[in-house]
Amino acid sequence: MMKVGIVGGTGYTGVELLRLLAAHPQVQLTAITSRKEDGLPVADMYPSLRGRVSLAFSAPEKAKLNECDVVFFATPHGVAMAQAAELLAAGVKVIDLAADFRLQDTAEFEKWYGMPHSCPDLLKEAVYGLPEVNRAAIKQARLIGLPGCYPTSMQLGYAPLLAQGKPLVEESSLIADCKSGVSGAGRKAEVHALLAEASDNFKAYGVKGHRHLPETVQGLQAIAGRKIGLTFVPHLVPMIRGIHSTLYATILPEARDTDFQALYENHFKGERFVDVLPAGSHPETRSVRASNMLRIAVHRPGGGNLLVILVVEDNLVKGAAGQGVQCMNLMFGLEEDAGLMHIPVMP
Amino acid sequence: MMKVGIVGGTGYTGVELLRLLAAHPQVQLTAITSRKEDGLPVADMYPSLRGRVSLAFSAPEKAKLNECDVVFFATPHGVAMAQAAELLAAGVKVIDLAADFRLQDTAEFEKWYGMPHSCPDLLKEAVYGLPEVNRAAIKQARLIGLPGCYPTSMQLGYAPLLAQGKPLVEESSLIADCKSGVSGAGRKAEVHALLAEASDNFKAYGVKGHRHLPETVQGLQAIAGRKIGLTFVPHLVPMIRGIHSTLYATILPEARDTDFQALYENHFKGERFVDVLPAGSHPETRSVRASNMLRIAVHRPGGGNLLVILVVEDNLVKGAAGQGVQCMNLMFGLEEDAGLMHIPVMP
Amino acid sequence: MMKVGIVGGTGYTGVELLRLLAAHPQVQLTAITSRKEDGLPVADMYPSLRGRVSLAFSAPEKAKLNECDVVFFATPHGVAMAQAAELLAAGVKVIDLAADFRLQDTAEFEKWYGMPHSCPDLLKEAVYGLPEVNRAAIKQARLIGLPGCYPTSMQLGYAPLLAQGKPLVEESSLIADCKSGVSGAGRKAEVHALLAEASDNFKAYGVKGHRHLPETVQGLQAIAGRKIGLTFVPHLVPMIRGIHSTLYATILPEARDTDFQALYENHFKGERFVDVLPAGSHPETRSVRASNMLRIAVHRPGGGNLLVILVVEDNLVKGAAGQGVQCMNLMFGLEEDAGLMHIPVMP
Amino acid sequence: MMKVGIVGGTGYTGVELLRLLAAHPQVQLTAITSRKEDGLPVADMYPSLRGRVSLAFSAPEKAKLNECDVVFFATPHGVAMAQAAELLAAGVKVIDLAADFRLQDTAEFEKWYGMPHSCPDLLKEAVYGLPEVNRAAIKQARLIGLPGCYPTSMQLGYAPLLAQGKPLVEESSLIADCKSGVSGAGRKAEVHALLAEASDNFKAYGVKGHRHLPETVQGLQAIAGRKIGLTFVPHLVPMIRGIHSTLYATILPEARDTDFQALYENHFKGERFVDVLPAGSHPETRSVRASNMLRIAVHRPGGGNLLVILVVEDNLVKGAAGQGVQCMNLMFGLEEDAGLMHIPVMP
């Protein structure tokens, strides 16, 4: 059994890690830290875990994280980069669910997250934890920066188009119109996320600019090996879990005969957690609810020159905790889908 | 035109007062106070009011509330009792939507609200603003303590049973199983009221005891002229507005031949805002959404000896702001339904 | 008082017409037809109307629609075109909320609605009921084909860009990513619209092609006086009312210095029901809930060359019944906002 | 591996059986029947099952149900009683999720379900599938009538009170105020269950009488060994899954010193799927979402003589499919929790 620790288990990605790891056949949860909740049994905060997680939160200094095989950070931005070096030095692998190890350009990091990056050296070593793009590197990694929820859906949605030797679409003018459930905002007491504010309502937000834009551009450029241009417009959906990204790309004249359905099916052949739906499908977020699946459909409305790619994922699973477990499995030589075979909950 | 001021217009009852008063034909909104938002146009906080409310929030000392005809307090408990005396002395009538002037027993007030009552003399003068019970007194009042949202539904639901000369039901063992939308908790940033927490979920709360219990008992005893006993169990419904109270009462042997449907219809005959539905009906909260109506249905399951009274209201209208406007209309000799004729929004 | 009849009052646009017209100061509701519900009081089907609408549904042949001043059709496609001629001949004006008089090209109508058009002559006379575009013609019209809900938001959202003498954006590649609440699908018993299916879920639909595409293209071309190209992707939001359209357009090189915020504000200056929000705003559907307002915000993310226009409306009001009443007001020389001054319901 | 067949897999209890059984370590799904969907891959109707269930629906006559070890009926009432005899004769065990084998009194069955009972002999043999009450009989059973969703919560909620040698509460006047998510109504296209009708709304229904009343009374009387009287009032909650039952019982004078918290904890000691919460708790439906757990809290408001028992379950799991699998495990000597260890999905 692997010994696994979690730093910051009180938010939604933290409790989702607990749900997944508590039932993972090769994992022993050994520590969950929270300075504020030190001593509180986890199941007292989350009754859904009663009888399944017997750990209590502990203050970080008592948690003996150094004895873990791997530690997940489900913390606000800035925490992991302060603690990763010590853990790595002790031989503990680190998977960060926040943004500390996502952006390779520290100036970009400082601009979007409003804090200096405290360990640029580790950042260079960090591997971006998107298995369908980066599997080989993840297997060798000590330190993972997990993708954000929106970026996962955008990168996997565009990957087959951009990963070809030459451009198929106008790569300078991609448009991603994305919609997320409110759990993406985290378990923070904020008025705009109250049920009385956010339900029976729909809005865009962050149209001017959103932190997930530079991360996604970096990822797409890594896939393409070329510069790309992206407009990203996030929206808030009155539901708990789920992201639906509607991705637009204009087909280049020389690529108009491409069989895009086949392109996507081939690209993801053999992937355990990416499902390319039959032509003409409309994936629903509930078809992946509470599971690590991501589903994609490829459309070309009216047979024209605009591709419309529909992508759904559960933002807390494939967009966060599940992807973290998937990376952990790869890093430790386990089956990639170990502990991740939950069938989506429907209805 | 009457000059109307609002103290504390940033919460849900405040914005609902604005919605109702801005369209009231005999009202001129003259001041809305908020120390924190001093200078902010109301419509910047609530875009729904753009083009309809041109006022800005102002700090209390700038608001010239003394020049109003009436001032509503849509504030936390404790604010109105600190300011009412000065307004009344200036000839301004006061309607408090909080609890300061509800409970005549100051010891009860202190027990449930955790603060001493600062003006017991005014409290004695205050009239409980439930028009269907207290209309004559309200017409003469300078100072109104508006009922809470749950208590309105419970009192009007039980009133016809209790208002008779002799008991019809076991008055010592009434049970009110009540369900409320989340706007009843106010516009406060609290984790338990987030959409990600409260939607797709149902729970009871405050079963041990809830502030609306002593208020309701006081009101029911005033109606009955006798001691009554009540168990009140509130629940949280994943919806924005609406209260549904399911009221139970055991019919006394000597009252088993009573035509309760007729009793209710007669009791509320001529009431503009209470609608007794035909026998066998199940009122829905949406049938009163965004309106001042309260609807009631009377059941006797299986023809047995237990009465089941179903009551629905919009907690922000008949349960708060609308009832306040209804009282204002009475206090100033206006038509009781002036500015309150909104047809419920369905679907 | 004008005499108003409604054909087909049992669906959502029908009941919304009832809500608006029952409170309209210059309207007398005289007939509501439904063959299936003949004799049933309207308020028995819709308890929200108890005490406010005393009419019963009547079979069409009993309804004396010929004696009305105006008749609204809130019926399935195909009904209005079968009955309009007779009403017009009797001097009754007709406003159709379905699609019968929207598409001037009968071949397009047949293609998308699967039935032949039975009165192409009347179709030529029909005026497209979008007041902000067609006000003068509406004032003179006998017969109105009301826009669909999505098309209203797309046309008003793009109008300021297209109504200029020369193109400002790439008019051949507009993209409209639209999101609608489920009431847009009507009051039909269909599995996909059940709460257990549609709530806590998000999906696109009709990506291959949707009936509102040809209507919108026709309207946009009429505004521009030029050919345009549009991709329209509708999505279903787990909420009752509201449409949010996110509109994309690429700014032409020669137009990059345009002040688009000013362009929009000027274009809609004086419009009672279109509200251009301050730069940087994100309109929410709830800010127009149950009202005839449509709100727009103009964005240029990152200062780049892609315009992002955000538009919200209530699909049942400005997208259907309210727009119908607005047209009626114009046709009969009433104030354009008569009976339409409802303040949006928030929260 | 056990061979398992499902008759009628297209509804919510059917797809939930598929979710549970497809991941059950000792089960091989061998047939799912649907005459209407013959030949359709199950995963085409339920994309959540893509990659996890490869079966297609088949017409009953092709399904070779006789070769199964056990067959579940997730069908409308009346189907199982027509087919059970043949399956039992072939040595196949039968678990019915509908009502055919719940009510031992065939007159009651006919009254509430509007059809004669076609196999009263089998009915006598049938075991009521509530493991926490009937475990020994279930282990020996060939034929199980599974409890309804509401009855499960009411019976387990009242069981500790009624199972004592002498009465502790007034057993003739129990009141169960129950609230259910809409999936309880099944996957039927009905207007009242549309999202546009049922969301942002709350109502009671069936107050006059509901099919689950006689079933629950029968069960409670079996537990008590005495006559009991129950009033049952069901309500519809705008959420997908979950039942919350608020149960009332008046403590008898001679039982007022009872430690009810201890009584409940002792009664359910060792039960894998019943969790008695600490005193003062308020269970939430989401704490059992998508799991087979049922949680109970015991209250005595104000220290008075009314007990208030709060019970939550997932109506599709412990209230239907999960309980069916639990019975199957018992019938075949498997671990009672095999395939049922899903941790509730939160948020």
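Just so it is clear, A, B, C and D label the chains in written order, and each chain counts residues from 1 on its own.
Everything below uses one rule, namely that a residue touches a chain if its C-beta (ideal position, glycine included) is under 8 Å from a C-beta of that chain, and two chains touch if they have at least 3 such contacts.
From a predicted model like this one, the values you see are computed outputs, not experimental measurements.
Among the remaining chains, those touching chain A and also chain B are C, D. With every chain reduced to the mean of its CA atoms, the largest distance from chain C is reached by D. Each chain gets a centre from the mean of its Cα atoms; for chain A and chain D, those two points are 37 Å apart.
Between the CA-based centres of chain A and chain C the separation comes to 39 Å, rounded to the whole angstrom. Counting partner chains per residue, chain D has residues 12, 181, 183, 187, 196-197, 199-200, 238-241, 283-284, 286, 289, 347 touching two or more of them. Within the complex formed with chain A, the chain B residues making contact are 12, 181-183, 185, 187-191, 193-200, 238-240. Residues 173, 175, 177, 179, 181, 196-197, 199-205, 207-209, 231-233, 235, 237-242, 244, 246, 248, 250, 280, 282-286, 289, 299, 301-302, 304, 306, 308, 310, 312, 347 of chain B touch chain D in their complex. Residues 12, 15, 19, 22-23, 46-52, 183, 187, 199-200, 240-241, 275, 277, 281, 283-284, 286-291, 293, 295, 341-347 of chain B are the ones touching chain C in the complex.
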